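Just below sit the structures, each encoded as structure tokens.
Here come two complexes built around subunit A, the first alongside subunit B, the second alongside subunit C.
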Partner chain A sequence: MLSQFRTIWLVLKHTFTKADTVEYPEKKPYLAPRYRGRIVLTREPDGQERCVACNLCAVACPVDCIALQQTIDDDGRKRAEFFRINFSRCILCGFCEEACPTYAIQLTPDVELAEYDRQNLVYEKEHLLINGVGKYPDYSFYQQSGIAIKDKAKGAGAQEKPPIDIKGLMP
Partner chain B sequence: MTFDKQNSQVTIYIDDQPYQVSTDNNLLAGVLSQKLNLPYFCWHPSMGSVGACRQCAVTQYQDENDQRGRLVMACTTPVTDGMRISLKDSQSEQFREQVIAAMMTNHPHDCPVCAEGGECHLQDMTVMTGHTHRNYQGEKRTFNNQYLGEFVGHEMNRCITCYRCVRFYKDYAGGDDFGVYGSKNQVYFGRQQEGQLESEFSGNLVEVCPTGVFTNKLFSAHYARKWDLQSAPSICAHCSIGCNTSVGERYGSVRRVMNRYNQAINGYFLCDRGRFGIGFVNGEKRLRQASGIRQSSPERLSKLDVSKALVHFRGKRFIGVGSARASFEANYLLKQFVGNSKFSLGLTERQMQLASLHQQYLSQYQPVSIADIEQSDFVLIVDEDITQTAPRMALAVRQALRNASIEKASELGVPHWQDSAVRTIGGQELSPLYLIQSMGTKLDNVAEQVIMQSTAATIKLLNLMTELITSNAPLIDIHHQGQQLSSLLNQLVSAKKPLIIGGWSRQSPQLLSAIMSLLDVLTKADMPVRSAIVAQEVNQVGAISLLDQQSLSVEDILENVKQEQSSEVGGIIFLEQELSGVSQTQLEQLKQTQLAIIALDHSENAVTALADIVLPAASVTEGDGHYVNYQGLIQRYYQVHPNRLPIMDSWRWLTLLATTLFAEHPLAKEAQSLSQLHDDCRQYDAKWPMLPLDDHYDIARESHRTSGRTSKTANISVHEPKTTQSTDGYRFSMEGSKPSSTAEMPFTWAPGWNSNQSITQFQQEVAGSLLLPMTTQYLSIAQSIAKYCDHSEAVVQTSQANALQFSQQIKWYQGDWQAGLTPEFTLIESTNYIFLSSDYASQQGWQSGQWLQVSCMSSKDNAPTSVIAELFFDPRLSDELCYGQLNELATFDVKQVSLMAASEKQVADYKMRRKAEHTKAEQAQQYMLERLKQQDQFIPIRLMNGGLDDV
Partner chain C sequence: MSSALWQLVEITIIISLLIPIAAMLVWVERRLIGIWQDRLGPNRVGPFGILQSFADLLKILGKEDWIPPFSERLVFTIAPVIGAVSVLMSFAVIPFSPTIGVSNLNIGLLFFLAMASLAVYSVVLAGWASNSKYALLGGMRAAAQTVSYEVFMGISVMGVVILSGTFNLREIVLAQADGWFIQSQFVGFVVFLIAGIAESHRLPFDLPEAETELTAGFHTEYSGLKFALFFLGEYLGVTLISAMSVVLFFGGWQMPEPINTWLPPLVWFILKVMLLVVFFILLRTSLPRPRFDQLMAFGWKFMLPLALLNLLVTAALRLMGVL
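Up next, the complex of A and B:
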């Protein structure tokens, strides 16, 4: 008996407290910059695509919703020939972002991923690629890796000695 | 490599646990044979130990009371009874971690763009030692890379200087254009100058290198990670050895071939033809649609369409031309359907004689396996360039030659696995290899004696040897090469495991017959002689086992075709047959007949060009069947990926054709699977040679970590398709059971071991047989063609003054028609050249490097009569003999040539033509890559992997 009155009292009390829900979509809630929402592919500071199509995001994905194919372009860079995320399967876990060695794939706070047609949730590379560096403003993978590309010769990267002259006689 | 196995197992204590380990090998091999994890780099199961990398350190204790122990390198430590070691103590663990740390100081940060990533031995070992963090903050050493040809990519920064590459390339495979340069931190592995690697085993560098210094360029160009590849056990379709391979596919196109360990055949190594020749399955010449059949629906061909196209031939007889590259099943079915008297293999009269002899050989002898070749202590190779026609066999012969030095070392107490010590002790000492041949080969520099003479002279010589052995006569007085011959004969007679190798490539029945009579007398004299006859194509032995007295030769078929009006023959069915031995006029004859020509093949060729109905057949990667190798070993290849209809297995096509054409035949019903077909054949034919297939398991073709399942077809439809149902015991899926035998593993992987070196986890002992090997099945072959009688064709008389006997050298990338369709093979720089004796050339006033015009007298009428070739000298040649490579004539048997100096204009024209061909090949390669990349996004979806109507 007492518990029933207590319940009614609590319910009535809540009538006057401030609502936790907001009038979405008229009012948007605050989402932290590192909130895990829609996935994007970012670019290096100089505008080049960061993704080297290494497949690590795809293999980390627990629902296998990332498919891609690597290609080597004439400038020596590896890029994705196609890069597809099936957002109708994506669980926004962020494993792909953790796995990415080049900071290319990043999750954004945009969570508004609703479509009337499921097919529209299949994003190709042109839908994923943004013109920006995302959360990592300075990183450029090819400066850190040992391989040579068009505008970076061997030994020109960060923490690299110039290439060894193999015909030299010095020990 | 060979050694006398004592099979002495002793007990050793690893971390206080007792293990039974063989003393035949070193401690590292012993530890790995127990399936324990011990990191290593420079040691290789086939190449032994050098102790260069210091990675396999373990702590060895004096006895139970010893608490301190000392570090030893497991790979250079012999196994002794009761020895106590520890892998888990902190001393050796720390040491191993620090070795990796040192290697990592210069290793670049490029795993994401490295083609080795995900199957990298260095990655595996780094994880195994627990080295997780790089402390080194200094600058890294860098190197410039070299261009090493079209097949092998080079990225020297990644090198950890384990020396495996150079030990394989120079010491194991006998290459001489690759080496190690520099010292200290500047050690460089490469060529003296950039250029195509010359060894036909260069592709093994990719597997031998523990990291990504050497990568498969063709794979990198259209790359997929190892975990993403859908694989199946397959058999290399490019020569008669039948190496076991594992083929990887992704998004509907075949990506690469890797070695699949088989102790008796290929072991750890493949040749480049097998590894890189797979491109033909994606090639521009592939047939992907049927032609000559009216389709009722524009989307697809149905069974009804096929029946309608064929129905008016019902009741007529057909000639069936099988081939040595079609599966055993397809050849068998064709023979059953057309009948014995209408079956052919597209062999010429001369080749039929060879086939008859080969049948006789196989009915009498068991050819020696590749692993047994390595045990030989005397090798005689008779006029067959095995380095190009069966490269894997040549690699085994090279290992056999080391037996002398291994024996010498073991007398001094140095075990066989101490690779560098054995090589130092052995020096130049090699077991005897004798070559009797009409051209120079890559084995010349390791041969004790090269007897360079024409094939006709070789036949005489062999017959003489046979006589001498039977009569026991002294020899020196009889023959001008008496001195050489007597040492050959003495060593042959005294050897414990002599080996004689011959083959088809000279196309000479007399030669084969002479080899067989030599074998006969040796066997009769109770000598332990062993032998191998190298056939030309992958299933040649299986195909010729089907020939009998009534079988037709090409000449018989043409005869039949001429009398077509009088005969009841309605047409010819060509089964994967390109008729390479047939001349242009004979092809014209075929073309002009009124007979219907039905061709089943995977790629365009001369036969499909003139056929009325062309049916696209599955290539080895999308088909299912059996090949029979040179020993008569029956081996199965499995489908790697679902075929795109209307491409189907030849045996499926044949049963489908039979339902209309040969409806009365008991086998004329469509088989749903290969095992059902086998059951039908077994019921029909009591002599069906194969054991029942056990296809009731469900092995996953994909790795358990394959990616992209829910998105790879999402662009076509977001609704995921059901996986294609298969009928052969393997699933097109990442879910499935474990293989019932380790030989059936689609790819090699073990926890912690992502590279192909994980195979040690599946061997009974390192480099031994697999834990659960497959049952080996040999085809028993009876002689069914009448005995070959020697119609000694008179040695072709020189019809022209100054004509020379010519032998064509056929390179590994040219010998096989299928592999030759791979665009990269046409990119290999190969200009015409001809070798002459220097005496003859100086008589004519020619210089080495000069260009000559070679006029050919060929038995075939359509060979170009004259070509240009560069001249080189070979002092071993006699004046009337020459050999070389004339690309334009690659498949024609030119026997005689006459030579004259070429004009400058001819040379310029030739060079221009070569350049144009090269550009064209480059474009073709580019075009193919573009097409494949487009194709990646449109993966065909099939529910059932069956016949035409199973969409």
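Up next, the complex of A and C:
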């Protein structure tokens, strides 16, 4: 019986405590830079597309929401012919970001993805591609991977060494 | 003729104020519970969310007014009306201020008790006519609970009747001019309040509804306007029990000498009622619901003897001339 009165008193004391509610649309909560929100495709520092359409993100995706097709340009660079993410399926798990070998696909701290029309949640490549480098400002895949493209021979990139002639490696 | 006309106008004004007030209580309750649970509560519709009840009403009007094909059609329709009407009828005898009050019935208190008993029919009939297991269980619980809590609700107010020597609520208020009955009838007030909560099926005595066990109890099958009528009845019931407590134990519109001139009597009355309503809501948010056997044992083994003892002691003291 006494505990009931204590309960009433404790509840009454909460009249003077501050509400924990964050009034969302007016007050946006802080989202960390690495928060997993909307997915983007980033570019290299020189403005070229990073994505080489290797399909690793689509394979890693647990809900199969990524679809893409690779094409090879005349200059030897690989890129995605189309790149489509269905955000009505995406669970924002970030596995695609972890799987990506070129840092192209990245998650951003934007969570306001709601749409009135379900079809609008299917993002094509032009919706995904941004004019920036994302979280990795200096990274450029073709400058350090040792893959030859037009105007750059194998091993001629900024962070590459010339290839070693393994037949010259005598003991 | 003109006095009858004036009375009709008075009734219209009181009803047209009471129903919006009962609707507003939904918002007040949700806001207060929000505050006590460290939330904000509904604050979107209008300033401070004050129009929330209006939005709820619009929504509920848009709902399909569905009568289940397996229900007893006539009784199903009548039940919510009985609930709201019997509570509204009780307000006829309440003296709001020295001049306002629909009826100066000389058995006003008995009229209130009778109407409170009638309100049970709404719940029991709703439970029975719905013809579904949850509703029936809710109706059965309501019948048992209300019948047992009604007994000592009647007994608890008899102390007041002994002290004032009348059943007329206006004269009961006037008899408290030099001291409210809460001083000598504190036990009576506590018993009346607990019985009142049980009568209006509010938490912690909401076993007829008990949404955790019976989905929604007696009004499981109701929707649309009929559901709204049940809701209206419940919140009017809260206001009624608070108003009756104020009339019987807190001196109605009267206040002690220095401060009684600060505000008009009607405002004092409303303030007291509001304070009690807030207390009702506080009880609702802080106390858990008892088990059904605990509820019955508490009623018959504790509250009834307490009410009888209170009546006995009051009567004895009155006879000896102490009170």
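The definition used in the following text is that the second predicted complex is superposed on the first by the 143 of 171 C-alpha atoms of A that agree within 3 Å, B and C clash if a C-alpha of one lies under 4 Å from a C-alpha of the other, contacts with A are read in each partner's own complex, and residues count from 1 in each chain.
Heads up, the rule we're going with is that a contact is a pair of C-beta atoms (placed from the backbone, for glycine too) under 8 Å apart; a residue touches a chain by one contact, two chains touch by 3 or more.
Everything numeric here is computed off the predicted structure, so don't read it as measured data.
When the shared chain is aligned, no partner comes close enough to touch A:P29: not subunit B, not subunit C.
Note on subunit A: of its two partners subunit C and subunit B, the one contacting more of its residues is B.
Applying the stated contact rule after C-alpha superposition, one finds that A:P137 touches neither subunit B nor subunit C. When the shared chain is aligned, subunit B comes close enough to touch A:Q119, but subunit C does not.
Legend: residue contacts after superposition of the two complexes on their common chain; A:G47 is shown touching neither subunit B nor subunit C. Against subunit C, in their complex, subunit A makes its touches with residues 4, 7-8, 10-12, 14-15, 17-21, 23. Interface residues of subunit A, counted against subunit B in their complex, comprise 52, 54-56, 58-59, 61, 63-72, 78, 81-82, 84-86, 88-89, 101-102, 118-119, 121-122, 124, 141, 144-148, 154-155, 159-164, 166, 168, 171.
Of all the residues in subunit C, the ones that touch subunit A in their complex are 34-40, 282-283, 285-287.
Of all residues in subunit B, only 108-113, 117-118, 137-145, 155, 157-158, 181-184, 186, 188, 190, 220-225, 227-228, 251, 705-712, 714-715, 717-719, 933, 936-937 touch subunit A in the complex they form.
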